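Below are two complexes that have chain A in common, paired first with chain B and then with chain C.
On to the complex of A and B.
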């Protein structure tokens, strides 16, 4: 029976109350550990078509008569369009239509950042469209520019009111603490830089808008376009079969889609609007910079008695105030806590969710602070973490938590530090650091799937979800194969089209597997039940292969349907993990090399160990870039982005990838769905920066508190450590 | 725009030279270079290595694998760019590449573009020059140029012979160019005098595919003397006599970190050659 419930929905650490109709989830969880297909490593089902270049990405869509659009962006960090003349652009060869501010959703008259979209043209070729942009005549009224986050907070320029959390009595606890550590941490702005830039192709067929888009949320895009354009939702079809990365930046349609839709409407032709790499580096979202002023108090036995944090998110012109304080609130048991989080409104490009938004930044601050506390207390960092283990989330029980087991598995990696230290020499200092991770990743309803079984014993999973590159097709096929009792190669997955399948969840917030997996299993179980009914009526012995049972159906098909059940009420569904990192630091040139990362994660049942370890590796590599080399830079005078190409914005190369050891506490969450799986997209990036910084401190004694840890920052920290050492010895400070 | 393929150097009459295209094409695309006429010089410029002569059309990938080439040049090639770029880019083109200064690359009206100030000096400049940076704080990006200067290499062009060092000049108020190349002058060959030993060391932001934050080339000549040249520290490849010469550096607030890096790499290079 359908059941209507009011439930809390969480995406990327943001909560809202929603009504959902959930179907009962009567399936018992499978036993823990590897099964026949689930829990066994499976290469990606779509690997051959990807490798052969046959997989069709949005960037590959070429429709007959398709026009190319280009977007005019503000050169000023804050300015108003006083007057705009599109006529010179329209007069150029190949140009078919042009739009000014307000003529498509997202094209603005007041540009709040350099790169804000203000106008657009469609032409026969992209070169013609780009040339036409240069012909648009704009008269700008320049407005005041604010680029400094502290200044914005002082002046009350916030995207929303400050967010505060308090429990216990922080002042008293700090006053009574045996040790108090205090430090300011800063993290930089970094960019998603997905391999496929943000883009859409729009085409009107009758009164239906067809949208091919690189997106993490087919149904969210459908809903937002329908609402913005005043269309019934079923008059918008959204397609995304393959996509080249999103990392949180592709949850919405954004200006390029609305520009393509409007230009397509005006010209009666399909229109493609694809951001260039330079636009991608300018106006496609970012992980916002943060300033974290933190304090921790502890008793001499290592009990943390007080945590206090003032967090400033440099949000940009718009965006939301991510939970940078989240790890401080949730990672450790601590009776006294006070946090305040400001979202500074600046004339810089808006933030977007970026792989564990807030928690990546907040974990850097918190887990470095905890190591600084460990050093002051002279307590082993692993031991200090164990002594402050949280058994509940501010009183709410965890649906499952195996962080203690992660710590146990980390021991053998942590023990390596003695041997690592011994390999230091006069130039290269080596050390080991660790950091824990906490993040969401429980997913939730609604999400649906269908399963179709033919009389040949082959099955197709149908659901209008997206595979954002994480291996979702393979994981969903494994789940269906397991439930149906079929080998993996006999299960196909059809996804990526809102016109071909039921509603499916967003692929953000590490939610794809925990949201969709249970729905797919339920659909497969529904089909399997029907198959078993047929076997019984045919008096076939138990264990008869599926194809032998259904062979009599000829053109008949078995159709199963399934829905994601509710999340456990009154419980916190969270993911946990710990990383142990080994680094080498060249103390003369400031070069930092990450040599080894051991990652141990607790995300419930692992569906595909091969896909899971790929996720962990990707998260670690992206985290290394965040920690060591990536930084979006602005011109301080104008607020324009300076790092607009991939030689200026430095992501790690394969040569920068260390040895990665990946381990899982592969235990299903007994309270979470028929699958017991949580998500893994975000957890592996969360602890990377802190673990590297803690390893650097272990190697050199230098306190690095600012990301990225460039050579400049590393040399500064080394010099500060040397000065402190000289001061301690009473030697003259000058050399 | 037209593409010409002259059959001899004499036929060249203006236009922008094109070889591997790894520099010229992006500059054209970003409108930093205007050209009515592209001159494909691949048929005119010698390619390959023989008897201490290196054709300016030799790719970096070929040089990196050429045993007859001194270690400093091979290593400078190996540590430059990516394999794909090294397969395309020519030695001559590499010597003539423009700075990576983001202000210059984004077309700011800076001194190097003929404007009236250096935006980097007042702005974001953490990868900029620490020497000769008064007028323009851009840093020269060529690993290969530093290696050739240290090796004492000479250039033969379509018009003259000169030391590689003499190819470069500091831009000033009256002339914003960073090379001494004349109109229609084409780099043809590099002559490498014999050296006893040589080395190239490079500090980057990541392990591969990055321009030098600091590059140090050093070569020991037959008479025992050592020549040192640096990349990434001045608007042009920069030769120094000794590590002490770096005491004269004039770093900007956020380029001061390059100085200890340069000193460490020069010392290491000298130790390695000793």
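On to the complex of A and C.
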């Protein structure tokens, strides 16, 4: 029976209460460990199309008569359009339409950052559209520019009020602590750089808008477009069969979609609007910089008695105030805690969610601070983490938590440090560091799926979700195959089109598998029940193959439907893990090489160990870029972005990859759905920066508290460590 | 418009495109060979890699009229053993960079049938993958090397 319930929904660490109709979820979880299909490595169902270049991305959509759009962006970090003349652009060859501020959602009169969209042109070719932009005459009124996050906080320029958390009595606990450590950590702005840039192709057919878009959330895009344009939602069709990376930056339609839709409406032709790489690196979102002023107090036995943090997120012109304080609140048992988190409103491009937003940054600060505490207490860092293990989330029980088992599995990697130290020489210093991981990843309702079984014994899972490259298409096929008792090659998955299948959840916040997997299993179980009923009526013996049971149907089909059940009430659903990293630091040049990463994660049941290992490797590699080489730079005088090309913005290459060892505590979360799986997209990037920084300290004694740890930063930290050493010995400081 | 003669994957094409058009655009927009991806359009990422007479080239910064040789795109390598190796080893996540990776890797194994890890890293360092499939790409190339050798 359908049930209407009020439930808490979490995406990227943001919570809201929603009403959902859920169906009873009577299925018992499968036993732990590898089953027939689930829990066994499976190459991706769609890998052949992707590898052979046959997969059709939004970038590959070619519609008859399609025009190309280009967007005029503000050259100023803060300015108002006083006057704009589109006529010279409209007079140029190939130009079919032009839009000024306010003529499409997202085109603004007041540009709050360099790169803000103000006008757009559609032309026969992209070259013509770009040329037309140059002809648009704009008179700007330049306004005051604020680029410094501390200044913005001082002046009360915030995106929202400060967020505060407090428990216990921090002042007293700090006063009574045997040891107090205090440090400021800074993380930089980094860019998603999905290889397929943000883009959409829009076409009006009758009164229906068809939107082909590179997105992580088909239904969110449909809803937002419908609401913005005043259309019924079923008059917007959203298609995304394959998408070339998002990492959190493609959850909404944004200006390029509305520009394409409006230009398509005006011209009566399909319009593509695709960001260039340089626009992508200016205005398509970023992981915002943070400043973290942290304090921790502990008793001499290693018990952490106080944690305090003042966090500033350099949000930009708009965006949300991510939970940078989250790890400090949740990772350790600590009775006395106080945090405040400011979201600084700046004349810089807006942040967007980027793979565990807030927690990547906050874990860097917290887990470095904990290692500094371990050094002061002379306690082994792994032991210190165990002594402060949290058994609940501020009193709320965990649905499951196997971090202790992660720590146990980490021991053999942690014990390598003696051997690693021994491989140091005069130039290359080697060390080992660790950091824990905590993040969300429980998913939730509403999410629906259908399963169709033909008389040939082949099944199709139908749901309008998206596979953003994480392999969820394959995971859904495995779950359905397991439940139906079919081999994986007899199950197909149709997804990526709001007109073909029921509502599916966002692919963000490590939620696709835990949201969609239970719905797919429920749909498959519904189909399987019908198949079993038929077998019984035909008096077929138990174990008769599906194809033999359904063969009599001819053109008939079995149709199963399923919905995602609710999350457990009164429980915190979280993911956990630990990384142990080995680094080598060239103390003469400041070069840092990550040599080995052991990653142990607890995300409940693993559906596809092969795809899961790829997720972990990808997260680690992205984390290495975040830690060592990536940084969006802007001109401090003008606020213009300097690192717009992939030459200036340095992402890891295949040559930067360390040895990666990937392990899972593969235990289903007994309280979470019929599947017991949590998400894995984000956990692997969370502890990387802290573990590398801790390994650097272990190798060299240098305190690296600022990302990225470039050669310059590394040399500065080494010199500071040497100066401190000289000071301790009482030697005169070098001039 | 200026006549362009182009040999692609064994077929001869005569096209009318403006001088200054990039090879990647001709492949994608004129010939419909959208397996070649454009991710940066300025020669920094390798997604647009094709082979010209077996050598890997960045088609986004190669002028179509300047091409003098046989162009091989991912569409011409669909039966290459590397394709199956990439699939088997899970050397693909979002897949946007993957055709370029395969084209670069195919040029490598043609020249060095049994490349070392170092040689793979050197040859593929110009092909960015934001999803971080690199370990699996390395594995895929290593796995296919002997079978390419055997095929000779």
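Throughout what follows, the second predicted complex is superposed on the first by the 734 of 735 C-alpha atoms of A that agree within 3 Å, B and C clash if a C-alpha of one lies under 4 Å from a C-alpha of the other, contacts with A are read in each partner's own complex, and residues count from 1 in each chain.
Here is the rule we go by: a residue touches a chain if its C-beta (ideal position, glycine included) is under 8 Å from a C-beta of that chain, and two chains touch if they have at least 3 such contacts.
Only a predicted model underlies this, so the values are computations on that prediction, with no experimental measurement involved.
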Contacts of A:670 with chain B and chain C, given as first, second, both or neither: neither
Partner chain in contact with A:489 - chain B first, chain C second, else both or neither: neither
Touched partner set for A:647, first chain B, second chain C, both or neither: both
Partner chain(s) touched by A:655 [first = chain B, second = chain C, both, neither]: both
Chain B versus chain C as contact partner of A:589, first or second or both or neither: first
First (chain B), second (chain C), both or neither touched by A:43: second
Touched partner set for A:166, first chain B, second chain C, both or neither: neither
Partner chain in contact with A:633 - chain B first, chain C second, else both or neither: first
More chain A residues in contact [chain B versus chain C]: C
Contact residues common to both interfaces of chain A (with chain B and with chain C): 645, 647, 652-653, 655
Of all residues in chain C, those that touch chain A in their complex: 28-29, 32, 34-42, 44-45, 47, 73-75, 78, 83, 86-88, 90-99, 102, 120-122, 124-138
Of chain B, residues touching chain A in the complex: 100, 102-103, 105-106, 119, 122-124, 126, 203, 205-211, 213, 254, 257, 260-261, 264-265
Complex contact set, residues of chain A against chain B: 588-591, 593, 628-629, 633-637, 640, 642-645, 647-648, 650, 652-653, 655-656, 710-712, 715-716
List of chain A residues in touch with chain C within their complex: 43-44, 46-57, 59-60, 62, 192-197, 242-245, 247, 276-277, 468-471, 610-611, 613-614, 617-622, 645-647, 651-655, 657, 660
